[in-house]
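Below you'll find the structure I mean.
Chain nomenclature is as follows: A, B, C and D, assigned in order of appearance, with residue numbering initiated at 1 for each chain independently.
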Amino acid sequence: MPGFKGLFVPGPTNMPFRIRQAMDVALEDHRAPDFPEFVRPLLADLKKIFQTTTGQVIIFPSSGTGGWESAITNTLSVGDTVLASVYGQFCYLWVELCKRFGLNVDTIEAEWGTGVPLDRYRARLEADKTHKIKAVLVTHNETATGVTSDVAAVRRILDDLKHPALLFVDGVSSIAAIDFRMDEWGVDVAVTGSQKGFMMPTGLAILCVSEKALKAAETAKLPRGFFDYKDMMKSNAQGYFPYTPAATLLRGLRASVDMLLEEGLPNVFARHHRLAGAVRAAVHAWGLTCCAAAPQWYSDTVTAVVVPKGIAANEVIKTAYNRYDLSLGGGLNKVAGKVFRIGHLGWLNEIMVLQALGGVELAMRDTGIAFEPGSGVGAAVRHLSRADESMRVAAE
Amino acid sequence: MPGFKGLFVPGPTNMPFRIRQAMDVALEDHRAPDFPEFVRPLLADLKKIFQTTTGQVIIFPSSGTGGWESAITNTLSVGDTVLASVYGQFCYLWVELCKRFGLNVDTIEAEWGTGVPLDRYRARLEADKTHKIKAVLVTHNETATGVTSDVAAVRRILDDLKHPALLFVDGVSSIAAIDFRMDEWGVDVAVTGSQKGFMMPTGLAILCVSEKALKAAETAKLPRGFFDYKDMMKSNAQGYFPYTPAATLLRGLRASVDMLLEEGLPNVFARHHRLAGAVRAAVHAWGLTCCAAAPQWYSDTVTAVVVPKGIAANEVIKTAYNRYDLSLGGGLNKVAGKVFRIGHLGWLNEIMVLQALGGVELAMRDTGIAFEPGSGVGAAVRHLSRADESMRVAAE
Amino acid sequence: MPGFKGLFVPGPTNMPFRIRQAMDVALEDHRAPDFPEFVRPLLADLKKIFQTTTGQVIIFPSSGTGGWESAITNTLSVGDTVLASVYGQFCYLWVELCKRFGLNVDTIEAEWGTGVPLDRYRARLEADKTHKIKAVLVTHNETATGVTSDVAAVRRILDDLKHPALLFVDGVSSIAAIDFRMDEWGVDVAVTGSQKGFMMPTGLAILCVSEKALKAAETAKLPRGFFDYKDMMKSNAQGYFPYTPAATLLRGLRASVDMLLEEGLPNVFARHHRLAGAVRAAVHAWGLTCCAAAPQWYSDTVTAVVVPKGIAANEVIKTAYNRYDLSLGGGLNKVAGKVFRIGHLGWLNEIMVLQALGGVELAMRDTGIAFEPGSGVGAAVRHLSRADESMRVAAE
Amino acid sequence: MPGFKGLFVPGPTNMPFRIRQAMDVALEDHRAPDFPEFVRPLLADLKKIFQTTTGQVIIFPSSGTGGWESAITNTLSVGDTVLASVYGQFCYLWVELCKRFGLNVDTIEAEWGTGVPLDRYRARLEADKTHKIKAVLVTHNETATGVTSDVAAVRRILDDLKHPALLFVDGVSSIAAIDFRMDEWGVDVAVTGSQKGFMMPTGLAILCVSEKALKAAETAKLPRGFFDYKDMMKSNAQGYFPYTPAATLLRGLRASVDMLLEEGLPNVFARHHRLAGAVRAAVHAWGLTCCAAAPQWYSDTVTAVVVPKGIAANEVIKTAYNRYDLSLGGGLNKVAGKVFRIGHLGWLNEIMVLQALGGVELAMRDTGIAFEPGSGVGAAVRHLSRADESMRVAAE
């Protein structure tokens, strides 16, 4: 069909021309004498994105799933206990992965639409007097439900209880889009991928690892090869990689980091918050609800919209895709068929959000969802217009 | 600013990735033995776009203005009379160009917002018993006002009167987007550029020339070199060009023609009509009016929107550009400051139109134009939604 | 420095514009309804590259090293014995990886410059009456020394001895460039990467897995998550992936496979053989020798050139890179400082080979290696010129 | 055929990735408020390439031929006399163009292989006591024969004789590659195109016009529209263009100018001289001769190689193209069939020159030209190797 496709899944995101161009180059010799002049500043600048000075950035040619795996295999041994909670599909998958590697997962089931259950985490950790729990897992932004959790609060619980467990955070759909603070929050392994806040193609797992996690690596007995942190760090220290790196993607990552730092992280986060607000205003104007159970859980990168009873959410998604070249995210697992998801992260501005909302209106209308055409976009226009800025700021 | 820019001026238009890629190649030898295998089918297929079998397609590394000039210099001599009418800026410029070349231009001033004045053309041609008028100029789609004129009717007048004048058509913002019929309408020189319906960068003047026009070239005395049709045709016949062609743009043109023919010209025209209807529905829902004075003049490629008294149209345009990365067209000459223009041609679909309309709503709200936010997009959603298709078709 | 860089390392290789363009696209929704229409034919056509009908193609967003790891973890258990030989750096690294995963590696050290030691493999396997050896490892093309081994002969030994061990082949620098036959040779896991014969950026591990290997996966106890074959196959069967795929690279792979199949695998192999012959002719004309100890080991994708005593090979490489923008490969491990490597695989033709050889002549001359300027290129011209074709064919 | 094509025609030239990328962007609004911020510095920096402070840079979406035409139509009137000499095809074409526009061309036929005939120019100008000659034409670098002429000497003659004729220079294949000095040489109109020294696609005529030429424009009576300098300058002064500019090419030109200025014009010229020397060394080593009749005429951007009697030069060219994907230039007009041309300008380095020479050796060998394979490349290696630098410098 003619016309550009609208990509509003929660990753991959829209890719800036600058990043696309940075990767649109001839292949290169990754053992060239001047390759370290490229690698070292890249790793150094990535630290700024993680808001860390003491952490170690690690990049694998892989995806977020590989990042999850590396967190486990580099720091734990078979039979170790980890504390985790499941409030969405990506929480669930990480728990399953832990089980594959022989870990003993203490899993707390939480309502989908809520976030990390702080009280139950506290209870479990308090009860763990012998410190059998070696690691605590938190999904910072659950992409399946559009829920952001309070990582800092988990750190405070660990600190309160003086519990030595490692803190692992899945920041795949938050980092570089929602405020994430490696050092301040005492995160031990933070995992993200290239295709979300970094606005890039899939293909890189980007991690940040604390000194404490690296210490744990010395005694961790799970086997690891491709995902070994120490091999990577040893080569990185020379400005190279232990095996052929995905240099093309690294060139794109350089452009991505430049763009994020030029915009300024606080501005990046504020932009995501403002645009997410417009999406939520539209959802409410349509008379629909967010899957996120309360404003405290609202995600600034993805909104899962609950469709009215009797409507198949997948029909909205299919109609949007097949008729209007608009990609929306589907419901997964427990919320399959009940929600469609609007990704609103990455290289995004006001008119892109209005495009997504307009397209959703078309698809909802075709699918028979009752709403006033234009109401969602109108609410978003009110939210985003600078004319209303003072009013909006006052009301928040 | 982050996010893609929205390009909704009436040319250049949005460029398909396929065309961009077709031009994103190494430079090439335009005298290579196999270059004719590329050139000949391209020229042949372009005839289909002009809906001609007898016309000759000519491509200059130039712009539409160069195309206008070539129409004059290849067929006329100093002192020849041409009949023209001015109902917009691009009509005006072509007339001025004719004067530069020593032609005697019989210019009819028409109201801006209307199209070619058929009755007055008939009167002039009828009065011209000695056939002093050598050529009649028509701007098929006046880009400045969003007005489409009836070229076929001009042909009928000439035929009725058995007047031998050449018929020159500026189809810069119509051809490949609005129905244009070289042979059926008896057009002698049709002029367009690469950056409109062809969805390409600026840089090519694309023309179609009738046998009658080529006959006129034999006696035409205006000097010409770069823009000489015969030099071009002589080289083209061998599959080459008389001077270095803009081969990169020609590669893009190949992709463009492929896309247009794959979609099918009737579908291309219908798509433009449907999307233009959505824009006009929005304009009316906002309580504003089109510069085009009546539905018969409505252009399917560009809509000039008249702003309320007391509002500077340029403020809407500046606000859209500076705050929201949305490019709209400005008013020119007589309508400067009174209209802003929304280009809706080329590589365009429903969600792109909704983006433009959403962005216009943002800019109008900031600029203080009174309207109900969402009303325009809502009207467009109603117009475009397939749910309403049967109703809409019935109403038209 | 002005001018294109010459990339003649043995991977990444020179990337065709067509592949570059295929990846130079907007990001896409990997859960779109029509994504399977892209995935399934791709996997099917990749089988042709592996020359298999019964094998299963698996693609990971990873590198060859990840492919090695997957071969082990999907089919073996801690303590299993594997037979391997080390005749170069990449043989060595795979063995080390096996050790990381707790395998018992029976390692045969062979002279660097030779290939897989068939007699010693036969002896070991013959002695293994209890079939403790679960897998046999062969590096088809040792990239460090420019040596190609006889995989078919290893299969014949296994068959002769009716030994049930799995046969794992590292085909990273052979597959899609040198004849490789999954089915005919009875290979159980074949590993390659995107950045060699596939002419693509690094970032994909591309594997082919036999039914026998998949059977072994059912009882293999090594832990695996990211690299699990069954998870991948289950999702692939639906046309999707178990986690976000590197869709951009997959688009490039589609173009790569198209190009390989359009050229025809036998023609691809013949081209590599012919161009490699030119490189070897040059080496001999310079009065130098190949690291490969005898013609039977000559690799058609990479030639390691032994520099004269007293010359540091790295000086040639540095000079080539720093002065002439020519990337050559360095010596690794045992041959470090003794050889430089010319990669001659992928998107390659005669004039590219002459460029590499000309550049090597410049660098050797600057570095003080004694040779007649032009002698190597002259020998290559003689080898490649069609004028000499009949003579050359007769002499071979 | 697999592998990159070698482009060694004398324009278009090899295009740097940086320029290709600069043009690989979305289309843009050429009337945007910030467009002047792009246009003005570009025009200012182009002055540096022309080595002028008082000249006016003019860019047309056109080609060099359009630039020639503009020089005439903006400054002269029908019947004006111009002095020109023909020593190659591009000299010839400019003369023909002058005739088309009704100029009286005093044409001096010179031997092809020599350059502008200074003595005869002096004689004609000296004889022209009434200053009927309004303009003197010089082709700085005759692309058809590989001959560079002495523009400064023509200026000295005019100055000696106090002759007020305008000095027009065709610098299409010299400017930005061979030293050209607008102000110092008192050039009145300098014409070049984007596809030579600027390393870009064809599509822009780039001119520099002196104050004297602009003064002449005030009384020049030849008609002009598309190519009118004053219209262009008037719009340029506002940072815009009188008609839609080829903005994509202008973005490429920005990158081109940046690259030229970053390298430094003297370095650009020195590089071309050094690489051209290698080509000439090869020609002599092959036992062949240059079309340029003496070293004083040697062009640093293109070498026309005279083939031995009995050999059809076009066979070399066809063989190079069809068998080896190497594009060479053909002989034109008087030297058709007698020479093939090697373009060596633009984005060029040592290994690219060796590639061209190696490819020429292949093609010459296939075509039956007797020479020692490797001799040309060997001579070039000697010329280019830094090892020989001191010797070479001493010998020159």
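The definition used in the following text is that a contact is a pair of C-beta atoms (placed from the backbone, for glycine too) under 8 Å apart; a residue touches a chain by one contact, two chains touch by 3 or more.
Note that the structure is predicted; figures quoted are calculated from it, not measured.
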item: Of B-C and C-D, pair with higher C-beta contact tally; value: C-D
item: Chain located farthest away, centre of chain B as origin (C-alpha); value: C
item: Whole-Å gap between the CA centroids of chain B and chain C; value: 54
item: Approximate Å spacing (C-alpha centroids) for the pair chain B, chain D; value: 35
item: Cα-centroid distance, chain C relative to chain D, in whole angstrom; value: 46
item: Contacts with two or more other chains, residues of chain A listed in rising order; value: 4, 14, 24, 26
item: Arrangement of touching chains [line / ring / star / complete / other]; value: complete
item: Chain B partner contacts - residues on chain D that touch it in the complex; value: 4-5, 7, 9, 11-15, 20, 23-24, 26-33, 61-66, 68-69, 97, 100-102, 193, 195, 201-203, 222-228, 242-249, 318, 321-322, 327, 329-330
item: Chain D contact footprint on chain C (complex, rising order); value: 1-4, 6, 14, 16, 24, 259, 263, 268, 271, 323-326, 347-352, 354-359, 361-362, 365-366, 368, 372-382, 384-388
item: Chain C residues touching chain B - in the complex, by the definition given at the top; value: 17, 21, 24-26
